[in-house]
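A, B, C, D and E are the chain letters, set down in written order, and residue numbers restart from 1 in every chain.
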């Protein structure tokens, strides 16, 4: 069953077109990649799903509900969670507060929050040492991890992650990707925006390629990885992935 | 200079400080969440005073205090102050949510003009100094040969209780954490599943309500109200909020008390004309030593 | 007879510059109302030389720049005189404007000595300046109240500071010691610090030279702190609002004010009072009577001059003499009011009455 | 292109300004015009601090006061010619700038705002309470300005004097904006930490901003005293400081042309609303709020008049998305970046 | 000869040891890379070199001169320039003005010259402006000169930072994760820019998580872990070091 499905969605920023006529679906337990060049509109798709921008046209259906009638905050409470571009952690809250707030926002009780926090910390022991510290003081990579951990606190049904590998050490990239694979296997739908396309194709089932705000290609990742157009535009001769060299 | 001379000054400062603290806490919260120097905040206080004047006037016969009346009128005034603040936020500040802080501040000045001159243009209020409908009794107690009334004591106690309540909400509940989160990143807070508009409204409501409470207490204590009563106390409250550390409830409260005491002691030491200078001198010194106010501000910023 | 002419003569356009907004809006309104009352009465009696007075009011906000604008505006509207004014600091920069326009500039309530120092021939101050008032006050404190230590408090306004300083100076070498003057900002509601100062300095009397609203706060807080020393206000304190706001604490307080004895007791005052209350649904303020007298001064002068022309009326104003609400109205060569007589009033049963013991002249 | 258009509009306005006295306006209009010019001068001074260096200053009237009082005292008590009083006035103002600046420059903008506010209040308090400065009555009888054999006594005369002053200030503002000094200020405004990495000594340059502002403020104050003959404390209080800030942000923070326009609005509107009598400030408040809500970036922002809405639409049709985004940012002017 | 000598550098934040006794020498002709897990202390290391952080112990010297406790602008004056991990361009200034800001220490404008706009002054300004434009070209942003920095995409902003740093004519250039978030196409340009800069005689030190890029460019690599220097050596040595694989590279790259 599709967790999210967009059909013919068009978003404008004032007079500027962000994306147009985008249709895509993510099913339960599926990991889907959204790739494209800078400014292609990937983040715009995520923002529209979260409700941070209002689509001008098109339908958005989340688990059978018409999203357009649902306020952004409510969407999150129903399990539609985004780890946004640029981390957007709360720098002047402690790491613990950052995490707890995510649990609070989705209506978790105190006990539930604690339990959830425990689980997240097990996954990212790195954060455990830093709980009482202000999030803004963390290193860049640590902040990125916090942002992802915060997304996990919200118990997503659909998790959208925007460039999660940015600033992460190779080993940490692995943990994060392992996590995505794991939660997908538990039934969560994952929509992944990733600059590092090679890396993305390693874990995703399907992918959509955005160009200038429009979906120009889509299909199973394994097929796309061999598509000459994709290779030329995104994988390139240099093979941007650290993995490719070995 | 002896203790007997300074002690009454300190106590006197506490009374002024209690009002300042109440207003400053609201100021500080609004400031904290929108980074807005809300010049209209003092006028929320003023407008609330007029509301309480009208309501209390309508239910009071003579000038004898009926404490039951005062209490419910107080509650009504707090709600009125809160609602006024929320309305201003909705109508003016919210449409400007992407504007520069300075532009917001100027809009706040506009609101302040509207509120003040609005009251000025209401015929039966106008520019008059209106005597408050009730006068509290003057019985009380004496310390160091200075007489204090029970009303004064009660006012301070209520102020402290209100501030503690707000302190608890802001610092010990997730709602308070959410307020601080909104201040830092609104869109990200939405992504946590939190309705940020509602949080901002709540902050304005609390700020307005505290100003309302201060209005009733100050009107009882000073006995008269006027359409300009809010501006200068608002400015002092703003100063107190900064002195305490922007966004910090406890800081604002302590800042308010401190400013009250400084002005009062400064008057005692140097005469009233130099009290303000003394208070600001102390402010500069404080900020020199602690650049983010008494209780500091948690700033999570690094390079 | 001339009043019944159907095609009435051109109006006598008189400008009024006073604060309508800002902290002094109330005083401004009260002066204006006093002037309106006078103008209405004059008009009802046929106007000035058959010309009906038409008032043009402009806001000076008690602010020098705004006052200059108001003056320029009035002059550009072609007013033939200016009657009004409350804040000396606002009145001052406007002086040259009226002078250049060659129209009388009658200040109803602004009364700083500096207003006459620039030497403008067309300036007249209906409100006598602080010298006679401070003399009366000093004499009252030393001879009648026999105050040992007097605490003088002003509100930093031109008017209040000048009375405060003059009084302190007048007390030099007398049996009354003037403590250092305290000046509170005119926005202060809280006087407890001053009250404490009074107590710790051992003051045995207070002279408040600011305005009534703060005066009421002051006396209340003085009494509520248990300090029952005599409280005297200057004329700015004399206002029904003072009595209303200070409530029971107003009783027994004194004030220095320039009025004819008949103002407090006589029929002229009663008529003024009831006329004012009928017209404006509020009681006259401390300066309403000055506004009233200012308007009459103009009317009398124009009548004496037999002309509305500015220079002629100005010349006549220098010689005018009549019995007004605030005493005999006439002006010294520099435009300062003469003939004012200061008395001490006391609050009793919710009204001002003449204090039983007046200071010797 | 937007800049050329701005300059063109400004030139047209200048031409109109230059011939204003010849059009036979009455004293009323001319004296308001003079006040507008005075506020323009102050705005240009504050612009160094707020617009360029990005520090909030709520006590700018202090420098205005220092200039006016120095001139008042020296010219009335010591009979100095007005022009001769300007250097000491500027000197005193510079001292004042250092006095507020030194202990407080490491403060963040919000905290700085309060300190400057305090400084403004203190200066007003001092001149109100000192006998030497004439107390609340201030100083009167300040002689007219003499330049060579020319004695300026009329409104028209002062109008021209201040017009020249405004032009000089504008020229200086532009020169400084595109100099090392201006770039350092803008860098500080944008990001202090990063500015330091360029070798910019942040505190020193912030102090320069105050000093530059104080120079403009005090010169304006000096001439103001002479133009108005009398000065008194109420003209130099918090409200005056607010007016300057108001003009700056109505016009568009950091924008020179905008600031001038803002000064015009702030002075002229309350006058235009005189017909509303006691409600005039109420109307002004409503208009103020409307302006800020409708054009939060100011009427004439730093980055152009915002007439480029048309340009944006055109860009969209051509599919030049990048440029359209740039236009959007420009139109938004000063934005709060999260 | 070593250009930057770091000796026993330690940095504490309360109980947290961000750097613990780091000693290393960066040679004048080095293209030096610093790698390590997240939170290892790499950025803090840069911050200590540039005066943003005051180390709690140890010394840093540049060309033999102790710069340990110098203020940020003073360090910059000695020729050290850097970029930031979280790009810090001046958002409301154009790309060109961003680069010009980097020339702060190079223009010696007198106040009078500025106000009067003397010909000499104008010439000097002109020269700087032209040079700024050339640096923009150098990093491939020639056509973005008038665009506000805020309107540039992430990858371009990173390059703008490099241009700004180069405008300061540094002898040492510190780059904090220059390749993060940069697309594969841009990455090639970036490599070329870094290499050219290094070849022109600038000592380049970079923090990077893109191991391939490090291997491609660096002459020497230091690996930090929990504030300590884990390994230092040539790229090949480091890559094959088992400790580095365990702590940093992870299994896929083993």
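The criterion applied here is as follows: contacts are C-beta pairs under 8 Å (C-beta built on N, C-alpha and C of every residue); 3 or more make two chains touch, one makes a residue touch a chain.
The model shown is predicted, which means the values in this text are computed figures rather than measured ones.
Contact with chain B and chain C alike is made by D. Of the two interfaces, C-D and B-E, the higher number of touching C-beta pairs belongs to C-D. Chain B and chain E have centres, each the mean of its CA atoms, that are 48 Å apart.
Averaged Cα coordinates give chain A a centre that lies 75 Å from the centre of chain C.
Distance between chain centres (mean CA atoms), chain A to chain E: 30 Å. Mean C-alpha positions place chain A and chain B at a centre distance of 43 Å. Under the contact definition stated at the top, the residues of chain A that touch 2 or more other chains are 39, 88, 137.
Residues of chain D in contact with at least two other chains: 128-129, 193-194, 278, 281, 322, 325, 334-335, 338. The multi-chain contact residues of chain C, meaning those touching 2 or more other chains, are 21, 25, 156, 183.
Interface of chain B with chain A (complex): residues 174, 177-178, 180-181, 184-185, 187-196, 297-302. Listing the residues of chain B that touch chain E in their complex gives 303. If you check the complex, the residues on chain D that touch chain C are 26-29, 31-32, 35, 128-129, 135-138, 140-141, 228-235, 270-271, 274, 277-278, 280-281. By the touch criterion stated above, chain A contacts chain E in their complex at residues 37-39, 126, 133, 137-142, 144-145, 163, 166-174, 195, 197, 234-236, 238-246. Listed in rising order, the residues of chain B touching chain C in the complex are 4-5, 8-9, 12-13, 15-16, 63, 117, 120, 126-129, 131, 135, 138, 142, 146-147, 149, 218, 222-224, 226, 228-229, 231-233, 263-268, 271-273, 275-276.
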